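Each of the two complexes below includes chain A, the first together with chain B, the second together with chain C.
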Partner chain A sequence: MYRGREGQWAFVLHRLSGVALALYLLLHVLDISLVMYGPEGPFNAFLAFYHQWPFRVGLLMVIVAVIYHAFNGLRIIIMDFTDWGVKVQGPLWYGVLAVTAVIGIPVLWKILPEIFGGA
Partner chain B sequence: MQVNVKIKRFNPEADKRPYWAEYQLEARPTDRVLDVLNEIKWEMDGSLSYRRSCAHGICGSDAMLINGVNRLACKILVKDLGADIRVEPIRGLTVQKDLIVDMEPFFDAYKAVLPFFINDDPAPAAERYQSPEDREIFDDTTKCILCAACTTSCPVFWTNGRYLGPAAIVNAHRFIFDSRDQGADERLQVLNQPNGLWRCRTAYNCTEACPRDIPITKVIEEVKRELLWRRA
Partner chain C sequence: MAVRPKTLNQAKATYSSNSELAWWVFMRISGLALIFLVLGHVFFNNIQVNVADVDYAYVAERFSKSWVKIYDSFLLGFAMLHGANGLRYSIEDYIKKPGRRFWTKTILFTVVGIIFILGVMTLWAYSFEEMGEAIRALPEG
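Moving on to the complex of A and B:
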C-alpha cells in the first residue's frame, strides 16, 4: 500500500463512491422501469426482494456515498477553478468528511431503527 | 544503530517473481538510505543493483519506494525512517533488475511535450528580455530533475502506463508559461490528448513525493485552466 496522504484517500473514496453510485443508478433505473409491466408484473416482487436487510444497509451506504461524492466534488471544483484551492485541499477534505458525518449520522439515526425494526 | 533493511529484489534471469531480501547492518542515524544500500552492495552482497550517480539529489537517478513513499535514496536519512527500512523499485515501470526500472516510457512522455525552447523569431541583438515577474511564473517548474518520483507515485499512472504523468506536465508548464516561448499551443495540444493532462485526478501523491518541493498539483491545475480558457 502506497502511504499517500489526504489527497490520495480523497481520490480513492471519490472513485469508489462514484463507481458504486453509477452501478446503483443503473440497477435503480432498470428495476423502476419494470413498473411498466403493471401491478402483476415483476416490479413488486423485485421491490419485496430489495426490502431484505442487506439491501437496506446497501441503501444507507448509497446515501453516505452521495453525500461524500457531492461534497468532495465541490472540493475538486474549488481546486480546479481557484488558485488557492490546492493549498487548502487537506483541510477541505477534512471538511468534506465532517459534513458527510454531520449529514450522514442523523440519516442513519433515523433509518437504522426502521431497518432492524423490520418496518 | 542496528538497521533492518528489506529490499524487494528481482533478477529476471533467475527469479520467477520478486522477493524480499533482508539485511541487518550497523548504520549511523545521519546516514542516507543510499549509504546503507552502498554498504550492503560493497560489503555484503555485490549482486544488489540500483542506480545512483551524484549522491546529492540532483541527477535524479535513485528515486525508490522507501517505507511506502517515493523518495531519493540520497536525500532521506536513516533517522527519519527508524530501524526498519523497506526499499522497493518505483511503481508502474517495468523492473529490469532489483531497484532498476525501465525509464524509457517515462522519458517518452517527457519528450512528447516538447520540453525545449520554441521561438522562430530571429534572435534580437542583445537578449530575449524577460522581466523578473515573468520569470517567476514558472520558477518552480525549472527545478525538475526527472527522477520520476512523482509520475510513479500517481495512482492513475499505476493503472494506465500511457498517461503522460505529472513529470511531463511539469516540464510542459516550464515552457508554456515562459513569456519568450511560442510553442504553448503545440504543447497544449499534446496535453489535450486522451492520455494527457485530463487524466490527472488530483491525488496529490506527486506533490508529496517531489524531492525538489515542486508544488506539482498546483502547476498541473494551472495548465488545466490555461487549456480550458484557451479553448473557451
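Moving on to the complex of A and C:
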C-alpha cells in the first residue's frame, strides 16, 4: 500500500467522511419526512429505534465527520485560492485535526453521558 | 484516480465543459455555506437538546417556525447538491466500466431526486402551525 504524506491522508479522510455524510443525509431526510404521516404515524417508533445506543454512537461519529469535513473543506478552499495555502497545506492539515479535536472532545463530553450515563 | 485541479486557473484549464467548472466552483461556495448551516444545525439539535428527547412534537414544533423552514430549505438544497455531486465524483473515480458507471449514476440521481422532493414536501407541503401552537401551549416537561 502506498503510504503518502499529509495530503493523501487528508484526501482519504475527506472522501470517506464525505461519502458517509452524503449517505447519512439521504437516510436522515427520508426518516424525518415520516413526520408527514402525523402524530399517530410511524415517526415516533422510528426515532425510538434510532435512539438505541449503537445508533447514537453512530450519530456521534457523524458529528465528528461533519467537523473534520467542514474544516478540511476550508483547508481545500484556502489551497485552491491562495499560493501560501499550497505551501503550508501539510501543517494546515494538522490544524484541521487539532480543530476537530478541540470542537469534537467537548461534543463527546456532552453527549457520551447522555448515551451511557443516564444523565 | 482522476487528479482534480488544485487552483482556479488549473480548473479552468482542466475542465473542457463549463458545467464541470461550474460544479467545481459550486462545491466551494456551497461548502462554505454548509460549514455554518450544518454546524448550526448540529448545535441546535444535538447540543442544545438531548437527541433522545427528539420526537414528533419536537419536530412539528420546529417546522411550525418560518425561520426553521427557510434555514432548513437552504440546508436541504445545498447539502443534497453538494452530497450528490461528491458521490458522483466518487463514482467517476472508482467505477470505470461505462455501463456500470451510467447505471450507478442514474440510480443515485433518482434516489437523490425522490428524497429531495420528500424533504421539500416535509418543509412546505404540510402545515405544522396548529400542532406547533398546541405544543407550545403545553406546560414544560
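Everything that follows uses one rule, which is that the second predicted complex is superposed on the first by the 117 of 119 C-alpha atoms of A that agree within 3 Å, B and C clash if a C-alpha of one lies under 4 Å from a C-alpha of the other, contacts with A are read in each partner's own complex, and residues count from 1 in each chain.
Convention: a residue touches a chain if its C-beta (ideal position, glycine included) is under 8 Å from a C-beta of that chain, and two chains touch if they have at least 3 such contacts.
Just so we're clear, the structure is a prediction, and the values are computed from it rather than from any experiment.
Trainee: Does the chain A-based superposition show chain B and chain C clashing or fitting?
Mentor: clash
Trainee: If you tally the residues of chain A touched by each partner, is the higher count for chain B or for chain C?
Mentor: Touching more of chain A: C.
Trainee: On the A-aligned overlay, A:Val19 touches which partner chain: chain B = first, chain C = second, or both, or neither?
Mentor: second
Trainee: So, A:Pro39: does it touch chain B (first), chain C (second), both, or neither?
Mentor: A:Pro39 contacts chain C only, not chain B.
Trainee: Go through the superposed model and pick first if A:Phe81 touches only chain B, second if only chain C, both, or neither.
Mentor: both
Trainee: Between chain B (first) and chain C (second), which, if any, makes contact with A:Ala70: first, second, both or neither?
Mentor: second
Trainee: Looking at the overlay, which bit of chain B runs into chain C, 79-87, 187-195 or 205-213?
Mentor: It is 187-195; the other listed stretches have no clashes.
Trainee: Which parts of chain A are in contact with chain B and also with chain C?
Mentor: Residues 15, 76, 79-81, 86 of chain A touch both chain B and chain C.
Trainee: Which chain A residues qualify as touching chain C in the complex?
Mentor: Residues of chain A touching chain C: 15, 18-19, 21-22, 25-26, 29-30, 32-33, 35-36, 39, 41, 43-44, 47, 51, 56, 59, 63, 66-67, 70-71, 73-74, 76-77, 79-81, 86, 107, 110-111, 114.
Trainee: Touching residues of chain B toward chain A in the complex: what are they?
Mentor: Spelled out, the residues of chain B in touch with chain A are 65, 67-69, 91, 153, 155, 201-205, 207-208, 215, 217-218, 221-222, 224-225.
Trainee: If you look only at chain A, which of its residues touch chain B in the complex?
Mentor: So the residues of chain A in touch with chain B come to 1-8, 10-12, 14-15, 76, 79-81, 83, 85-87, 89.
Trainee: Can you name the residues of chain C that touch chain A in the complex?
Mentor: It comes out as residues 6-8, 11, 28, 31-32, 34-35, 38-39, 42, 46-47, 50-52, 54-57, 59-60, 63, 76, 79-80, 83-84, 86-87, 90, 111-112, 115-116, 118-119, 121-122, 125-126, 128, 131.
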